[in-house]
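Here's a structure for you.
All chains are identified by letter, namely A, B, C, D and E, in their written order; residue positions are counted from 1 within each chain.
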Amino acid sequence: MTDTVLSIRNLTAFYGDFQALFGVDLTLRRGRALAIIGANGAGKSTLMRAITGILPSPAEAITLKDRPIGALSAPEVLEAGISMVPEGRRLFPSLTVEENILIGAHSRIGNGYWTLEAIYDLFPVLKERRHNPGTALSGGQQQMVAIGRALMSNPDVLLCDEISLGLAPVIIRDIYAAFPRIRESGASVIVVEQDIGQALKVADHVFCMMEGRITLSGAPGDLSRDAIHDAYFGVSA
Amino acid sequence: MSLLTLDRVSKSFGALKVADAVSFEVAPGEALGIIGPNGAGKSTLFNLITGNIAPNAGRILFDGADVTRKPPMSRVAAGIGRSFQIPQPFSHLSVFENLLVAANFGGGHHGPHAAALCMDILERTGLGGVADATSGGLSLLQRKRLELARAMATSPKLILLDEIAGGLTEAECGALIETITSIHAEGTAIIWIEHVLHALTSVVERLMVLNFGKMLMIGEPDAVMASPEVKEIYLGIDV
Amino acid sequence: KSGPIKIGYVSPQTGPLSGFAAADAYVIETFVKTARAQGVEVEVIVKDSQSNPNRAAEVARELIVRDEVNLICVASTPETTNPVCTIAEAEEVPVISTVAPWQPWFIGQQGNPADPASWQDFDYVHHFFWGLEDNVQVFMNMWDMIDSNKSVGALWPNDGDGNAWASDVGMPPALAGAGYTLTDTGRYQNLTDDFSAQINAFKQNDVQILTGIPIPPDFTTFWTQAKQQGFQPKMVSVAKALLFPESVAALGPLAHNLTCEVWWSPMHPFTSSLTGQSCADLAGEFEDYAGRQWTQPLGFIHSLFEVAMDAIRRADDPTDGDEMAELIGTTNIDSAVGKIQWGRDNVPPFAKANVSKTPLVGGQWRMQDDGGFDLVIVENGLAPEIALTGALETLS
Amino acid sequence: MIWVDTIVQGILLGGLYALFAAGLSLVFGIMRLVNLAHGDLIVLAAFLILTVVNLLGLSPFVAVLIAVPVMFAIGWALQTYVLNRVLGDDILPPLLVTFGLSVVIQNGLLEGFSADSQKLSAGPIEAASLPLGPITVGVMPLLTLISAVVVIFALNRLFYRTKLGRAFRATSDDAVTAGLMGIRPRNVFAIATGIAMVVATIAALYLGIRANFDPSIGPARLIYAFEAVIIGGLGSLWGTLAGGILIGVAQALGAAVNPEWQILAGHVAFVLVLLIRPRGLFPRAND
Amino acid sequence: MTTSSKITLTRAFMALVFVALVCVPVIGSRAMVQDLFMVLTLLVLALNWNMLAGFAGLVSVGQQAFVGVGAYAMFGGVILWGWDPLPAILLGGLAAMLLSLPIAFFTFRLNGAYFAIGTWVSAEIVRLSLAQWKALGGGTGTSLPKGTTKDMLGVAQIKELLGVSSSAASDALTYWLALALATVTLLAGYLFLRSRMGLGLQAIRDNVEAARSVGVDPLRLKALVFVLTAFGTGLCGALLFIQITRVSPDAAFSVVDWTAFVIFITVIGGIGTLPGPVVGVLVFYILQRALADYGTVYLIVLGLIGIVIMLFARKGLWGMFTEKTGIELLPLRHRALPRSDT
């Protein structure tokens, strides 16, 4: 079990009275990429929020390298080694591009593989725009900033929530082109995608969610389009 | 004469163009479906029509009047009802009260008549059993039904539905289609954004495809669905 | 005589005006002790107006309705005396009032202050203190002693005191009569942060004498700004702001040789009708008791109870409000603040039934070598019986 | 010449208001917290300086160095133990808590120091002045304005040039996402309030030297500070300075016409600016 | 016990309390009448502020503007135009309502905390302006002419009826007016919140965007509440100052007396609950009685209680009570109709 980085057991999550996750189980192994797919409102982002500590979860439900982290707050989870590219990018409008990237290393620099220079190397276009406000960039460039920002803490686990949302196919291709290097740096990755084709391309393993539950999982090659469709909508087309 | 007319309506958020000179018309009593990839600007289009956000350019006409600069309240009064993609119930009010607000203010109904109307809608949308429950505690499915019911309670001439069929079982989906069909049959015009295509195509008469804020095409559902372009950009299937 | 007599006492013991009430505890304690020793059972119910007129009205009602007091003594500023007197008059309860110039007290309680024809006198409330005309006279006497161009600048705020000073019963007519020219820029609000407008006007009109009745923080602001902006009058005579040693000390060296009105001091040659103490003894005993310097209200608050005691002694039934009110009106005693007698002719006819005037002199603050301040009496034109303790000096 | 003098005096007065407002602006900009107790905290700081002056016989300019860390600690503790608990979408709890705090501080000071007027004595410099062409300008008011500019400049440096400032801005933009970066919003807020109290202490120094103070004068000063912050635009520190100066000049001009209108003129200027620009002169783009 | 019998019981209880209160001047002492007058007027102010801040989300710290203008208009009516105080009270209410229009026009452009400051500044402007009204004494203020309250409409009749002094009769009259005002304010508040307007307000409180999308106009609704509460507050201010008999800008526009206390009352009792102000005013009264002689300590205690309530029990004492017991005295709920089918 030593190569298990992140393990989730029977995770539940609530927004007030409203239960959004019903007992999710999931295991991520070192150096792997895992994709989570599902329809709108399936609970994918909620799962990400629970992992990163934005939403409270039971202490033992989430373990990172055998350490229970369910009860930790968001900053503590980051320091433990999980960072996230949040849904909708969420750059800080008052910060420049460079500051947005630098703030990723505010309280953790991990093994130091990713530095400002390394990020500029990965996404050269950002270097030209580094003094612009983060929000003045195109959607794709903003997404690069968000990824760079998350990498700056050199996490063990990188969570990406719908990073292709609203981006043109060519840009999506550019962004996903960075993934091999990210995995090379030692980070394991979880990507959340609605774009099934994209998800199947990058991941070693796919989980499908519906209404707060995992309804299907397996290696991309083993999953038929129909099975995915069923898991997605709960009905056969 | 058309009920709703959009005339080269544009909207950007900073550098991001989410509506790019969109023009189309909806006839009274017509049902129009909208599809498009995530982030294409579908919900934004609804916000423009309802007045929750103001366009940067273009005109919106409803029922013969220019409503481009009108606030949402007066558009509701004129007959535009909507549901939100992410349900936004008045969470401290009961389900019944949620509808009552809409009937009182948006529909202009009062007294026992308003209450009776709300009860009727609750029955039709399958929420009769939870009428007195606090809406904050509803399940996702019930919240989506509440969105539909609340929009109906404003007695709209045009009702805007944003992804209300996502995540339903086959039976639930069938019931929903039945409700929407009945609304349609009463002469209410419908614009429906939906990813569950079979549900959508069983109701709408025309289908519109949106991509990067631009209207890609509009027409017969079957014809639209058959287009290879749609297959590629929307379904993500290489053809 | 019948059982314990209940006296209500109202003053601003907390809040911005609390400086006036510093001697309250001492005075009341000695009064009750002395009265008892003289065989009169009194009970004093003390209420705090919190420096708030609304609260003063409320506690007056409480004293009358709940505690059913036979007599009310009230002291210190129109903000406290007026609400209490207005209510007591309506409720027909006798009041002895002091420490507020009589014009804001009397005229301020009239429904229409602007229309003298409508003024009415009172049946139950009596006030003793000096009037604006006395203060004006004392100040002008001091100014007459120095060599100046007779150009006076005024700092009168838009509050009870300022409006009274600026009115027709206040300083302007007196100044005109005595050949002084006045620069009055208008009624500013209390707690103003900048007095450049006034300073500019004063400089422009070559003002050599400054007067006014500002609150202490405003005078500090004004006076430092005046120094900074090069306004150098020969004489500064301000009322209210320089009353208490604390506010003078707060000014530091800038307060040297400022002049003010003096209503009472240990140097006054009077004796208490209650305890037989001289003013110096009274002040000395207070300083021992409280561990702080004497203040001017001490004498007057003491005298409130002198008047009360005198009326009680004379009354058949001190609990009969009507009788007490009438008896107070016929008071004639030599008190620690001088003669107190209503109905004298040194007050205009409309007010003389309710107002008795006490003497007023002029003083100047002198900085001592140790940095402390002494109040020196430099003018006694209205009350020659009060001896001078120094000669007037001009600033700079 | 009178008009030039009036405007110059108004600008100097504006410096005082800006100094009152700078701490408020910082806290307002970072956590949308309206601190109704800010005026009373300034008065508290003034009493603290006074106590140090009296106990150790120091000049107020030295005593302030001792008061600064104490006030920082008070601000830090206040935020950590009280204010952090009430921050949120609902503006009512923080308003009411700081309102309660204002009443508590004011009356606590009354209990402790009585209502007597106090003043900090800075010696001869208080009355000193500089001739500037045709007008004379007080040294202390000039120092106040310069301090306001320096404080605002320093806060701006801190805000835009340091790691801490980056964290301030990020937290203010989006506290949840800042948490994902390892920033602890509550800590950031506590430090911000601490710094605001440091600025309040500097304001207290000048307030105490300029005029008498007593426990009850906080709110009267606070209202001008709020006006400066709001006119300047949420979170804009230079805007706050501009706002303070605008109020100061409006008051001076009003007074020059008639002292009755002095304070009214400041308030009216505030209303007029907001009628024309409801979000202030220099609003941040994303509010 | 069924819901309807519970409601009948509470209604009967409230009617009983009301009747008892009406009888106070007849059977109680004058002290009691005056104390209750204070309690009732503070209650009126608190009910109005609660409606604003608790239900309409308009956190005003400038309510003293309406108290003060009500008082000044009443004094103007009596002193300058020779009106009887009773119609002059009405004038006070109307003047406050009139004043609320420009204040709303200005402050409604500001959101959230800005709004609070805006109302405060507005009140200051009104205070400073009225301090220039020389006919009513300017900054000095003025008193009601001697005897005004004794000659008030109705005092003579009450005097005869109860066989008391004219001061006691005028106390009784103002007390009954305060009782009527408090009762009407409470009832009107209840009916308003039960009406479609109240429903709209609650919808706005939950979600403004959604409320607009079902046709609720937040601005109009809030403006309506603002103007109506200004009317109530102005009436109350006029009534209060008949009893105080003396008006000055600082007293009439006292932020501590007419807004701070009122805020504490509402917060302690339970902001955003209908019975909250009633509970709060009783607690406030008891505290004031118990601590009045300690001067500032009383204010410190009040401030601390307010802070503690906001930190640990946002819905105040009444909120805590309903949470523990589930009892709702004045339910605002709209029940669904019984289902007709099956």
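One rule holds for everything that comes next: a residue touches a chain if its C-beta (ideal position, glycine included) is under 8 Å from a C-beta of that chain, and two chains touch if they have at least 3 such contacts.
Labels paired with UniProt names: A, B = ABC transporter ATP-binding protein; D, E = Branched-chain amino acid ABC transporter permease.
As the structure is a computational prediction, the values presented were derived from the model and not from experiment.
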{"item": "Steps needed, at fewest, to go from subunit A to subunit E via touching chains", "value": "2"}
{"item": "Chain labels contacting subunit A and also subunit D", "value": "none"}
{"item": "Far-end chain from subunit D, centres as C-alpha averages", "value": "B"}
{"item": "Intercentroid distance (Cα basis), subunit B paired with subunit A, Å", "value": "31"}
{"item": "Between subunit C and subunit A, distance of the C-alpha-averaged centres to the nearest whole Å", "value": "77"}
{"item": "Centroid spacing, where centroids are CA-atom means, of subunit C and subunit D in whole angstrom", "value": "37"}
{"item": "Two or more partner chains touched - positions in subunit C", "value": "14, 158, 187, 189"}
{"item": "Shared-contact residues (touching 2 or more other chains) in subunit B", "value": "91"}
{"item": "Subunit D: positions in contact with at least two other chains", "value": "110, 260, 263"}
{"item": "Every chain pair meeting the contact rule", "value": "A-B, A-D, B-E, C-D, C-E, D-E"}
{"item": "Touching residues on subunit A, where the partner in the complex is subunit B", "value": "16-18, 39-42, 135-139, 162, 165-168, 194-198, 210-211, 233-235, 237"}
{"item": "Residue numbers on subunit C that touch subunit D, as the complex places them", "value": "14-19, 51, 158, 185-189, 191-198, 200, 204, 216-218, 220-221, 224-225, 227-230, 244, 246-247, 250-252, 254"}
{"item": "Touch list for subunit C against partner subunit E, complex", "value": "13-14, 48, 50, 52-55, 57-58, 61-62, 65-66, 78-79, 82-83, 86-87, 89-92, 104, 108-114, 118, 120, 122, 157-160, 162-164, 187, 189"}
{"item": "Subunit B residues touching subunit E - in the complex, by the definition given at the top", "value": "50, 52, 71-73, 76-77, 81-82, 84, 88-98, 100-102, 104-107, 110, 115-116, 118-119, 122-123, 128, 131-132, 150-151, 153-154"}
{"item": "Complex interface listing, subunit D residues touching subunit A", "value": "163, 166-167, 169-170, 172-174, 176-184, 284-286"}
